[in-house]
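Structure, as structure tokens:
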Amino acid sequence: SILSSKLFNMSVLLAYLSLQIQFADQKQEFSKRPSKIGRRSLSRSISQSSTDSYSSAASYTDSSDDETSPRDKQQKNSKEIEIAEQEMPALMALRKRAQGEKPLAGAKVVGCTHITAQTAVLMETLSALGAQCRWAACNIYSTQNEVAAALAEGGFSVFAWKGESEDDFWWCIDRCVNVEGWQPNMILDDGGDLTHWIYKKYPNMFKKIKGIVEESVTGVHRLYQLSKAGKLCVPAMNVNDSVTKQKFDNLYCCRESILDGLKRTTDVMFGGKQVVVCGYGEVSRKGCCAALKAMGSIVYVTEIDPICALQACMDGFRLVKLNEVIRQVDIVITCTGNKNVVVRENLDRMKNGCIVCNMGHSNTEIDVASLRTPELTWERVRSQVDHVIWPDGKRIVLLAEGRLLNLSCSTVPTFVLSITATTQALALIELYNAPEGRYKQDVYLLPKKMDEYVASLHLPTFDAHLTELSDEQAKYLGLNKNGPFKPNYYR
Amino acid sequence: SILSSKLFNMSVLLAYLSLQIQFADQKQEFSKRPSKIGRRSLSRSISQSSTDSYSSAASYTDSSDDETSPRDKQQKNSKEIEIAEQEMPALMALRKRAQGEKPLAGAKVVGCTHITAQTAVLMETLSALGAQCRWAACNIYSTQNEVAAALAEGGFSVFAWKGESEDDFWWCIDRCVNVEGWQPNMILDDGGDLTHWIYKKYPNMFKKIKGIVEESVTGVHRLYQLSKAGKLCVPAMNVNDSVTKQKFDNLYCCRESILDGLKRTTDVMFGGKQVVVCGYGEVSRKGCCAALKAMGSIVYVTEIDPICALQACMDGFRLVKLNEVIRQVDIVITCTGNKNVVVRENLDRMKNGCIVCNMGHSNTEIDVASLRTPELTWERVRSQVDHVIWPDGKRIVLLAEGRLLNLSCSTVPTFVLSITATTQALALIELYNAPEGRYKQDVYLLPKKMDEYVASLHLPTFDAHLTELSDEQAKYLGLNKNGPFKPNYYR
Amino acid sequence: SILSSKLFNMSVLLAYLSLQIQFADQKQEFSKRPSKIGRRSLSRSISQSSTDSYSSAASYTDSSDDETSPRDKQQKNSKEIEIAEQEMPALMALRKRAQGEKPLAGAKVVGCTHITAQTAVLMETLSALGAQCRWAACNIYSTQNEVAAALAEGGFSVFAWKGESEDDFWWCIDRCVNVEGWQPNMILDDGGDLTHWIYKKYPNMFKKIKGIVEESVTGVHRLYQLSKAGKLCVPAMNVNDSVTKQKFDNLYCCRESILDGLKRTTDVMFGGKQVVVCGYGEVSRKGCCAALKAMGSIVYVTEIDPICALQACMDGFRLVKLNEVIRQVDIVITCTGNKNVVVRENLDRMKNGCIVCNMGHSNTEIDVASLRTPELTWERVRSQVDHVIWPDGKRIVLLAEGRLLNLSCSTVPTFVLSITATTQALALIELYNAPEGRYKQDVYLLPKKMDEYVASLHLPTFDAHLTELSDEQAKYLGLNKNGPFKPNYYR
Amino acid sequence: SILSSKLFNMSVLLAYLSLQIQFADQKQEFSKRPSKIGRRSLSRSISQSSTDSYSSAASYTDSSDDETSPRDKQQKNSKEIEIAEQEMPALMALRKRAQGEKPLAGAKVVGCTHITAQTAVLMETLSALGAQCRWAACNIYSTQNEVAAALAEGGFSVFAWKGESEDDFWWCIDRCVNVEGWQPNMILDDGGDLTHWIYKKYPNMFKKIKGIVEESVTGVHRLYQLSKAGKLCVPAMNVNDSVTKQKFDNLYCCRESILDGLKRTTDVMFGGKQVVVCGYGEVSRKGCCAALKAMGSIVYVTEIDPICALQACMDGFRLVKLNEVIRQVDIVITCTGNKNVVVRENLDRMKNGCIVCNMGHSNTEIDVASLRTPELTWERVRSQVDHVIWPDGKRIVLLAEGRLLNLSCSTVPTFVLSITATTQALALIELYNAPEGRYKQDVYLLPKKMDEYVASLHLPTFDAHLTELSDEQAKYLGLNKNGPFKPNYYR
């Protein structure tokens, strides 16, 4: 039965029951939906949004699921959210500051993101600011069931559980949107699947929608394509490229997750290891290269862009072609956003025990497909760790099958998710309250000033004290005392 | 029954059976041993040696025990050992170099160490060098059952399983030693329990024993006490304090494990965090402080020794008393070797969410006992992570209950264990082959030259090329061209 | 006489003589120029361009002037230029690559820059590419007389000597431009004084001028003002803001010059020093802060922009208001581009011996004027070092009277000047050869592709090997295989 | 005449006159001293002690000598000493603490050190503690004449001037010692020349001498030779090897002076440079290698000791033989203490422009003599910088002719000299006050506790707050609460 296959443990029961109350047996009807939804499109969507996804910092609770009674679990749920609240002070501050005005009063937000304790804090914040919310998961694996249950119990309409099938995935999204007597006027998306679904199935809904807030690289890409094709019919806010989010996702997060991801999967010692990093962009630059250098690794860099290449040189890394060092390195890391950066020929030449992983923007950087040949043996030695074994016994250690190491094998600190969630909340407020005409049917970056506001909300965490411009200084610099302080392109 | 209580899964069956063949029902007899063996002494021994212990880098295999059939497991066992062999090139080189001569021919070694894949590589090396080995575990938790099984199957007498009781622990040690027709002439100990047992039960055995090799701080301390009391009746080699081992255990290992241990337990983001490190010795200095600084933490240091304090200053750390910063820091790390460095008064003043952990030499640094009071609530949130909750809701995050973070919450890379194992092997060779009179009934450091040899055996891993002194240079420096190159105290 | 006052040593005689041949007694006539040229404007121009100026790496030769005979000096001149050539491989490569085509054939370039060995290499390169050049100095102090002499002897028309008066300064510029039978068609300016002069005196010249290449912040600012006012009548290339130049001038150069400038002036030990850096932009970020942190200083940061502030936090610096730490710091460094960042009130509170200096974009950051009061005593203790003494005996160590430390008290490595000079040469080539209509009467950034070309010309210095995109990869990324590889705003 | 040849400016006149008062025409008599004092021995002594010497941080004042009137100079003298006092807080604290007791009452100290402002602060401190002092210079070049003058005027008997001849050198030392009615009972030496002189000329003096305090490597070496030969007739304190001094001289000082020395001499940019450092001992380890790595250089290391080699690997440096990288590196630095580390064969293979310098313990590391061959041309391009030119035009940049870069081309911060001077003062106090029998006729290290005291006296400079052991903790550690805290060999 549906129940037995889906609800693999007691802990999601409460969530499920709360769903039942809302949509009763609509499910039966829905499951008759035409099967002509393109498989290709579907699997692409799912895999792409999972490419952008992350394993939440709180994911550890899963492993103890079986040992906990539902009652304890329930208490734990609130606790997880409560703990997340402590590490997301910016959202809490936002709740407090906007308390009187309710800037989202009247907003009806449909959301499609990872369902985690951090998302719960965001949803509760949106609610406190006046919005009504309905939510689905953007990834079939990432839902924390206890959190979904706690949200459901708290009155939120959440359609998600861990381990959804593809059918479930779209069914949940549809449940979010397709409800009698309630029409969304704001979209919060992560990966573009929700937006895509509304375009396909309920295009008329866009008449009442004031805007889309999109977080992921993939989703933003899809929005720009819509815009280019003249098909974007509401304003969209690209929060993925806000400065604050970018810096955290790329630099500050990767600086720590490259070490964490490698350590958790391989227990490798960094000191003295020879590492080649393909690409010297923002992720790689201070992220991977600086962290590994600090731990005593010897780092080589490959680049195609001479400006980035020169920066690698000046930062103290030998700039090489991959083949020059491929025989000698202990670790190969790709961070290019390009495809086929590490190909079979390279893999053939690596030394025994070489670790290969990807920190770039997609799962195309390592040509993993080329390793699926009969003469090579694959051996899964741990979760996310495969040994690929050559006929002569040489082993390559492939991490996360070439998907993103930082998302697959490391955790994302709540503080980073706080940056993102605050950015999303502000983008919703901006789009919802913007005067007629400020935003056209196009894709926008978050206004610099709001980006700066996101940052300022996170400074108290560090007991950091900002200096204020004097009137005289503001005049001298030609700036407003309250910002924005830098041009939009400034990084 | 014994079987059911002890053998919690199929995987140790083979090991157990091989034991049975050897000692049959001697167990019954043994279990009648007088119960007057001091509880206090026993528990101290066990806890102390577990203080010195580590969770091996290979421990991950445990979690998948239940999903694997014994047959597969058996293949996996050899694989684990095989993989370890690849990362312990020094032992493999030693096997090769000493092949002809068998420098341990005639040696009968009783060992008491952690039973892991790395130990298996050591035992097989000792065997290849001519020794006979009998082994027990030095820690009741750390045995990798598959490895024990594989060793047993390979003909080694190994008495150990994961999750031994105290009775089991001593029984295993006794089995190692007390066997008809075979008397040990060398001891390899980690923690001193094996040595202690022989002193207590079979003091006459020392007549034939040529020496003791001891690895741990605790065990070495006990040897020095014996020596001081005039009771040490054979030469002992303190390999814990060899330069190479010290550098790796303290500096190179802790530099990585402080980050790893904190990340795995708390997913904390290091960037911007305020951290106070108590003590600025070798562990702390480049280990903890440098690593955290490199990750963007702001690090404060406390010290009692003005020379170390001045070094902290010059290295760019504010030197403070703990109370000056206790209210503001996010993480407190002890690395002093002292006791009660962090006491209840300090803990009372920490801010909500403060993480407290220990990287020192014992579990006395944080006064954990002071937190066991009725008004404080303890909540276990993950393995090795407790929240201690004050009446006002403030939570302190206590890691590993104040035991060593690096050993409890991080892994020890095989490369580090390789350094130790090579040092142990060379110490055995040295003591076994030393001419009469070179070593008296005292505790010795590994001769500098052998320490240098351990290091040189590990250089090929880094494709490192040593320069050789010319005759003229050796003469100028007053050195032998082959070393030792530095005085014994040189670090 | 003119000779005795101006030519303070023999070494510029040759240069002077070569000038005489060209313009004979035109000087007399010129000196009758109307004195109504605004003093204020003049001094501003001179001080501003000197604000942007640098003391060349080769400036040391000056000190030995008196001990060298003119003959030796002459040989030395060529040698300086020859040595500079070795460190400016990009210009040499440019000479070689463009040998056949002479892309500047027909170009008549008037230049106004620092006259140094590095400029000589640039001029000789422009000449090799087909251009005719006439040159004046953009700074009254920075001319290396021997270089000017060598250039003159080599046939270049150079009007400059070290220690010009303001009158001399403008006279030289006029000589450059105002010559019978030769009209410039390209301008290469550093500070905007040459451009300004032509606007004022010979506006008709612009009819034949194809473009202006401007290097300095000040000059670029003036161009944008012209453009805004609709008065810019030819295309101008802002090479100051090219990515490569910016990275070198700000980050890579300042990272070294902050240490060098402080050391040469004060011999201060960095280890353990408490430093506050005002501003956390590009200069400060990796430049000053990272360098000082690496040397063991404890660095505090002040910021007005919350995004930069958050970055400072994540990079491990305490973010404070100046007054919080002003009493305790040993060194105060300004890098803001703002004015009155350090004011008298701050200076009054500093501790005895505190060092105060400026690494920002102008000399307004420290309110030096506020220190010119009767109760404070100024004591010049070394070149560029003043002690300002309070009535109670407290001394503040003020460097370069608040002007740029990196330009006043440190040297600029030839490699950095090579980046700039190559950029200038390429900008000249681009503007001179651009098809009609590519550039309007506006200020342009160097095309990204040429910026990348500048970088690529400097890679061989580091034996750096660039990777090339495959056709497939270029297509995947939507890029031309030869670049540009990044959007224009990418840093 | 003596006057005209020796007193090259007015500023030493006062000093000279004050000398005249004391020893009148004894000079005539002295100059009749037998000429049989071995030239070789003499020159060795002088060159050796100058090898250990430094150019003081205050040396810049020399360059402005000619522009200052004697009157101003006199004021400047006291000012220099006054400024030094501010940076030598430990000595000032010592003066204050010991004020009542005068621990050196009755001490008659003859000293032979560099005569600088810092030495003046030491002498005034010794005097304040009750000692009488007579002083000569240990180096013929390093005397700051104004300081000598100021000391003379202040009543100290100082026999030194800048630019002494060898005869002058020994004459001054003799004047120090050989005076009627005053016999020294303590020796403070730097290089051993004073001690040597007394041994040679006035061996009977040792009867009243309570001890020798020696600072330099050379001097200490000579003392150990005396001791070995059984000829040391008083206790000697080796302050060179005290922990605090060693750490500062080797690590903290070299970390900064490698950058400073290279920058002042060559203006080289560090970023991207390939550097090989020969030797990975204390100087090299954190000193040179870490500093260059932090500035963006790529650093290779050579080593003979496998333990140090392994440390280099783990710290992230490629370990190579010199010949593997000699063709590609931009900078070669020796830090070995060995001889002929860089020989002609290596120099022949270096690339054009390669910089070669020495940071080791002697001037034997680079075989400079091998470059004095007819086919090579030497060209002095700046003070301390020679270009050595091969027939094919290749230039090697040799710094300080292979002598110590840090001492020849960089300054020693006053703070480092403060450490040394405080150590010397405490060593004098200890030897002078030690009870009969504590010290035999041997060479001793400074007692650990006094070493710790030196460090503690310097902590207030950093506003550093030491933690005190509780009684319970001291007992647990088996330590006295006031130290010493570490064994003597601890670094």
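Residue numbering begins at 1 within each chain, and the chains themselves are lettered A, B, C and D in the order written.
In this text, contacts are C-beta pairs under 8 Å (C-beta built on N, C-alpha and C of every residue); 3 or more make two chains touch, one makes a residue touch a chain.
Just so it is clear, the model here is predicted, and its values are computed rather than measured.
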Set of chains whose contacts include both chain D and chain B: A, C
Classification of the chain B:chain C interface as same or different, half of numbers criterion: same
Pair with more cross-chain C-beta pairs in contact, given A-B and A-C: A-C
Chain separated most widely from chain C, comparing mean CA positions: B
Between chain A and chain B, centroid-to-centroid distance (C-alpha), Å: 40
Between chain B and chain C, centroid-to-centroid distance (C-alpha), Å: 59
Length of the line joining the C-alpha centres of chain A and chain C, rounded to whole Å: 44
Multi-chain contact residues (two or more partners), chain D: 252, 271-272, 295-296, 313-314, 318, 462
Interface residues, chain D side, partner chain A - complex: 271-272, 293, 295-298, 313-318
Residue numbers on chain A that touch chain C, as the complex places them: 243-244, 247-248, 252, 302-314, 318-322, 324, 337-341, 364, 451-453, 455-456, 458-459, 462, 464-470, 472-473, 476-477, 483, 485-486, 489, 491
Footprint of chain A on chain B - complex, ascending: 57, 60, 86-87, 252-253, 255-256, 259-260, 263-264, 267-272, 274, 290-291, 294-296, 328, 352-353, 382, 411, 413-416, 461-463
